[in-house]
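The data blocks that follow each hold one structure.
Each of the next two complexes has subunit A plus one more chain, namely subunit B in the first and subunit C in the second.
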Partner chain A sequence: MISFIARRTAALVVAVLLASIAVFMVPYVTPGDPVRKIIRSRVAGDVVDASSIQALSDSLGLQDPLPVQYLRWLGRFCTGDMGLSHISRTPVVEQVMPALAVTVSLVILALGAAALISLPLGITAALREGRRTDKIITTITQSFIAMPEYWLAPLLVLVFALRLAVLPSAGWTGPASMVLPVATLALRPISYFTSAARSGMIDALAADHVNAARSRGLSYPQAVLRHVVPNGLLPLTTLFAVWFAGLLGGSVIVEVIFAVPGMGRLLYDAVLNSDIPLAQGGVVVVVALAVVVTTAADFVHQLLNPRLGGRLG
Partner chain B sequence: MDVLVRKHTAGWAAVVILAIIVLAVTFAPWLMPHPPAQQNLALRLSPPSLNHWLGTDHLGRDTLSRLLDGGRFSMSIAALATILTGLLGTAIGVISARRRGWFDEFFTRTNDVLLALPEMVIALFIVAAMGTGFPSLLLALTITGWTPFARLARTLAYDVSSEGFVEAAKVVGCPPSFIIFRHILPHLAGPLLGQATLRFGQLLISVGALSYLGLGVQPPQSDWGSMLAAAQPYSERAPLAILAPGLAIFTVALCVTLTGQRISHMAGSRLLIPTGTVKDD
Partner chain C sequence: MTEGLVIEDLHTGTGGTRSILSGVSLSVNPGEFVALVGGSGCGKTMTAMSILQLLPPHVHVQSGSIRLGSQELATADEGVLNSVRGGGIGMLYQQPKRMFNPRKTIASHLKEPLKRHCGLQGKAADAKVLELLAEVGFDEPRLGAQAKAHQLSGGMAQRAMTALALAGAPDILLADEPTSSLDKMLEVQVLQLLDRERRERGLGILYITHNIRTVAQFADKVLVMEEGTIVESGPAQEVLNYPRSPYTKRLLEAASLAPEGNRGPRQGQPVPESRVPERGVQERREVLTLERVSKDFRTKRRASKRGNRPALSDISLRLGQGEILGVLGQSGSGKSTLARSIIGLENIDSGRISLNLQHAALQDVRRQDAGLQDAGRAVQHSPVQLVFQEPHDSFDPRMRLRTSLEAPLLRRKDLTKDERSARILQAIEEVGLDPGLLDRLPGQCSGGQLQRLTIARALLLEPSILICDEATSALDALTQRLVLNLLLRLHRDKGLSLVLISHDMDVIRYMSDRVAVLFKGRLVEVAETGEFFTRPQHEHSQALVSAALPVCELLSRTVRPQTTARLFPAEAT
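Up next, the complex of A and B:
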């Protein structure tokens, strides 16, 4: 278990470092003078004349070898100094953190909604395997995989915001404004969670210890609750984490459509405006969060599953 | 027999619908009733008529013609990305399974990490670094897209490698490339084809997403995603202009998913139960 944690943590650190190197390189590989771009992200005032650019370039160490510059950049980044946005001219970190809070709450709400809907559906389908209920649930939820968010969202807006006028079509200002973005984002996870819950439950129902429990005198509902549900739903812990990471990216579309002031919207605006420091800060934060969550889920999965040798310590 | 036919109805229907759409998009230049870029501002946002079967968009362009024309781009780039990621992923997966060692370790770890990275954020990042255009669109789709193929190919190649005939081929001195092409790849073909079909549907949705955001295809060329984005402000007056391209993506993705599941299922049963009693559904 310790070596497992050590190996995964090492992979995590390497992954985030590699991503950060790619992000660090952006000003150097995009068109234009990297020195000017970097100065613009470090100094609030406009610098135009060649002599002050030279002076700033020296004082910021922009003539140093790239690895040295990278370590300096990484050091600043880790202490929360992500530079100044090229557009708004305010510190990137002040824009990234509130946006991150919005996106994380959007993703958690969507995952929670998806779990609340799909777990009962998946369990029901498994208990009714092969019957009409199972077929209806399976067919409908599977078709959600093919549903593009950027189609569902305009349709939801058309029906609920424009025609019925019961929900706002954009913004992130109160519970009502959250319904449509959360519903759009939850659709695809519902499809995958239902299918995973169903197949997990079917496998768990067929296990010998369920028969053993029944023969010891447990009623069918007791056996299902005690022995089938925990085993059948165990694989979902990893799935939740994978989807948390996936939805951090998937929320780009939803945030753009519904004008939700989250990370997806921020990254999208940064890319459209070529706001390099903002894009750098946003990408590193999202990637780090995604990798940490996925790794944490691996640990939890390991702990919960005794067959994988899950003992603490 | 009757039962068999009925059991496969959904699968066959999906194949037929898919074939019709592929043919329609392939022969779009001859099927389009109007030039897709032809504007007719007098007929802006008109409802369906005999002349314009699906009505017109905000510039008076024929929606049906644009749908047929746009499908060429959406489908071909999704197909190209599927082939590219399929070949790359299969190569990495098979070599990992055969060579093992550091190669295997490296790509398995990379795979784990890429699985955790949000695809859309990576795509945005690539567009930020390289600008919009065909190469960055393809790179954005490929850089994370090879991983499902590599995982599947590696697992299957591992299993096949332990079979007697592979050992036998090795003992009689067959070169590794011969073993891979003659003994390993034929066993992987079915499941990988199923995977490729499923991935095509997902990639089609991703291409549409990037185009919807204005990061994929650039004007004057349009595809289903960019049509959706352009029609959205007028959704109340001309709902058909957002219904049609979205329905096109949904239909193709759904049919492809059904077909892919069918193929995976058939390939899977044959791989696991070689004695002939293929279990259905």
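Up next, the complex of A and C:
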């Protein structure tokens, strides 16, 4: 049990470190002079003359071997010093953290909405397996898979913001402005969650112990509530976590289209403007969060495995 | 006030032309042990499910009456039925572990009927849970209550389910093959437990089984069911001693793999030259030799844990030419590991398994020194074949049987397509099946047919040694006998040497020349069959032998308490 946690945590650290090495290398592998790029991310004022560049390069240790530079960079990063944005000339961390908060709340809202909609749908479909209700639910939710965000988002804007004028088309200023981005982002999880809930429930319904429970005098609804729903839906927790990590990256399109000031948009802009420090900081934070959430999902999965009796093992 | 169960002229069916039960009538009085016996698919389980009205979708009780005391159940509404289910009538199922929600503890299961039928909650329910578990024989009820089904052994899970069925204080207990998945010793324990409940609280028991032997000792009344109708009923002694219907006779015959009749099919046959009548092991040439074979599945870290042990430790065993060696052991004793090691599906840790066959020099010697096993796998014409336990699992469900049977032959490059078909046809005839079966899918065949097909498949490669790993355990008594006799015939006609692995004492006694007993991965006894069953040496063997009383002995006894006391002195005190 401890070894499982230790192994997983080690894998997590390794994944984040590998990502950070790749990110650290960005100034060196992109076109242009890495020394100038790095100086620009460390010094607020403009530096143009060769002698000051040389002096700064020495004082920042840019002549040291790369591994040494990497460790120094990593140390600064871990203390929250991600350097200065090339464009806005303000510390990267001040831009990354608010954006992260926005994206995380967008993703959580979308996942919450998806769960609230899809779980009842999946349960209903399973209980009516093969009948008309099941077919309608399955057909509609499955069709959501084929609706990409970049197609759906403009459509929603067209209908709700322009034609009906009931919701704002952009921004992240209040509940109303959140509806369209959340709806867009929730659509595909809805279809996957519904189908997972349905099949989980169908398996759980077919288990022998459900009939056994009824032979003890539990009514059908009681048996379903006590023995089918928990068993059928608990495995979905892992799916939620996987989707959480997936949507962190997948929210870029939604954030750009709806002008949501989140991580996706931040990174999009950073890349377009070649704002290397901003992109570096953003990517490392997003990767770390995604890996942490996925690992947490693994732990939860282990805890829910009845064979392990609720222990991590 | 205990009440009896009366069923009159019960018809259950799908509504279409097919009826599952036609005109079943039976009664179970308080304190009565009624056995309902029949082959698989005869409608036994449907009878139980009709009583509880928990039939599969599309199956309904069409007419007839099911009464518990004065309460009519056939037409009752769900509310009434829910108070009867578990409250008036308890249910025991086959495969106890699958009848518990794997995510919930035993205690949480037990509290459902306690709340529903006895109105017990909170502390009172907790206390009652422990009381029930102690009653069914949990030494430490507290631990049992916190356990989940998978943490219990098969026997303990069946006890827990008995506690669950008794929790609502029912008058009648329906027991649907509750011991079929358990080995002999556990089976007897469960039956004893039920018998005690019957005596002490006047529980009426309807015990459903395919094996008439199981209940011979306990039943007051025996009902024999064939194709949805009861073909014979009467007091147990009468039905078992003087069966009237041909079906009952067949069932009894199949069930009595008793020592008296066992050599029947073999006596009077001309003895093949390879089979010397005085069959001392020493006189036979050894064909398979195991020397100090050990296998340990544990990782180093876990080896120190209490209760853990190697799967096989230090097994030395010989199989003579044309011999039938019975390997006896309870679940978890290492029987299957042994079989898998012999044919090379499992790498052994130490020791040596070697073959000594006439054509071995020409072909190949399948030998297993650790690490040398791949040599054995390359054999084209395999001298050792394995027949698995679960026939439905040993065929690809999407492959026609002809294709499945042909697969092992495809490695014989020297055979043409016609020769392959000829061989398959020959093998099918040998096991007594219709070649028409070959164009079916496994799902379209019965367990008995499939098990004979697995044997046919094993024969295709002309083995000298056939290893049967619980080959008949999944079959009902009639089919079991059919398959066993087939094995005996093949053994006789082809001079096959057999290793027969089973937990079933009767099968071993019926078939084997010698018996080897595995206990916790060790070989504790090897003896001639007659010797073994009369004078078992090891403590474990003695326990096994005493648990497996032949039916004829039981029938000669009329007074049940005596029998029980004699058999199980520990239980009586």
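By our rule, the second predicted complex is superposed on the first by the 309 of 313 C-alpha atoms of A that agree within 3 Å, B and C clash if a C-alpha of one lies under 4 Å from a C-alpha of the other, contacts with A are read in each partner's own complex, and residues count from 1 in each chain.
Basically, contacts are C-beta pairs under 8 Å (C-beta built on N, C-alpha and C of every residue); 3 or more make two chains touch, one makes a residue touch a chain.
Predicted model, so just to flag it, every value in this text is computed and none were measured.
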Which superposed partner A:Gly174 touches (first subunit B, second subunit C, both, neither): neither
Per-residue touch tally on subunit A - higher for subunit B or for subunit C: B
Partner chain in contact with A:Ser215 - subunit B first, subunit C second, else both or neither: second
Touched partner set for A:Ala207, first subunit B, second subunit C, both or neither: second
Subunit B versus subunit C as contact partner of A:Leu158, first or second or both or neither: first
Subunit B versus subunit C as contact partner of A:Leu248, first or second or both or neither: first
Touched partner set for A:Leu234, first subunit B, second subunit C, both or neither: second
Those residues of subunit A which subunit B touches in one complex and subunit C touches in the other: none
In the complex with subunit A, residue positions of subunit C that touch it: 52, 54, 78, 82-87, 90-91, 93, 95, 98-104, 112-113, 116-117, 148, 150-151, 161, 164-165, 167-168
Subunit A to subunit B touching residues, read off their complex: 11, 14-15, 18-19, 22-23, 26, 29-31, 142-143, 145-151, 154-155, 157-158, 162-163, 242, 245-250, 252-253, 256, 264, 267-268, 270-272, 274, 276, 279, 283, 286-287, 290-291, 293-295
Partner subunit C, residues of subunit A touching it in the complex: 207-209, 211-220, 226-227, 230-231, 234, 306-307, 309
Subunit A-facing residues of subunit B, complex: 109, 112-113, 115-122, 124-125, 127-129, 131, 201, 205, 208-209, 212-215, 225, 228-229, 232, 235-236, 239, 242-243, 245-247, 249-251, 253-254, 256-257
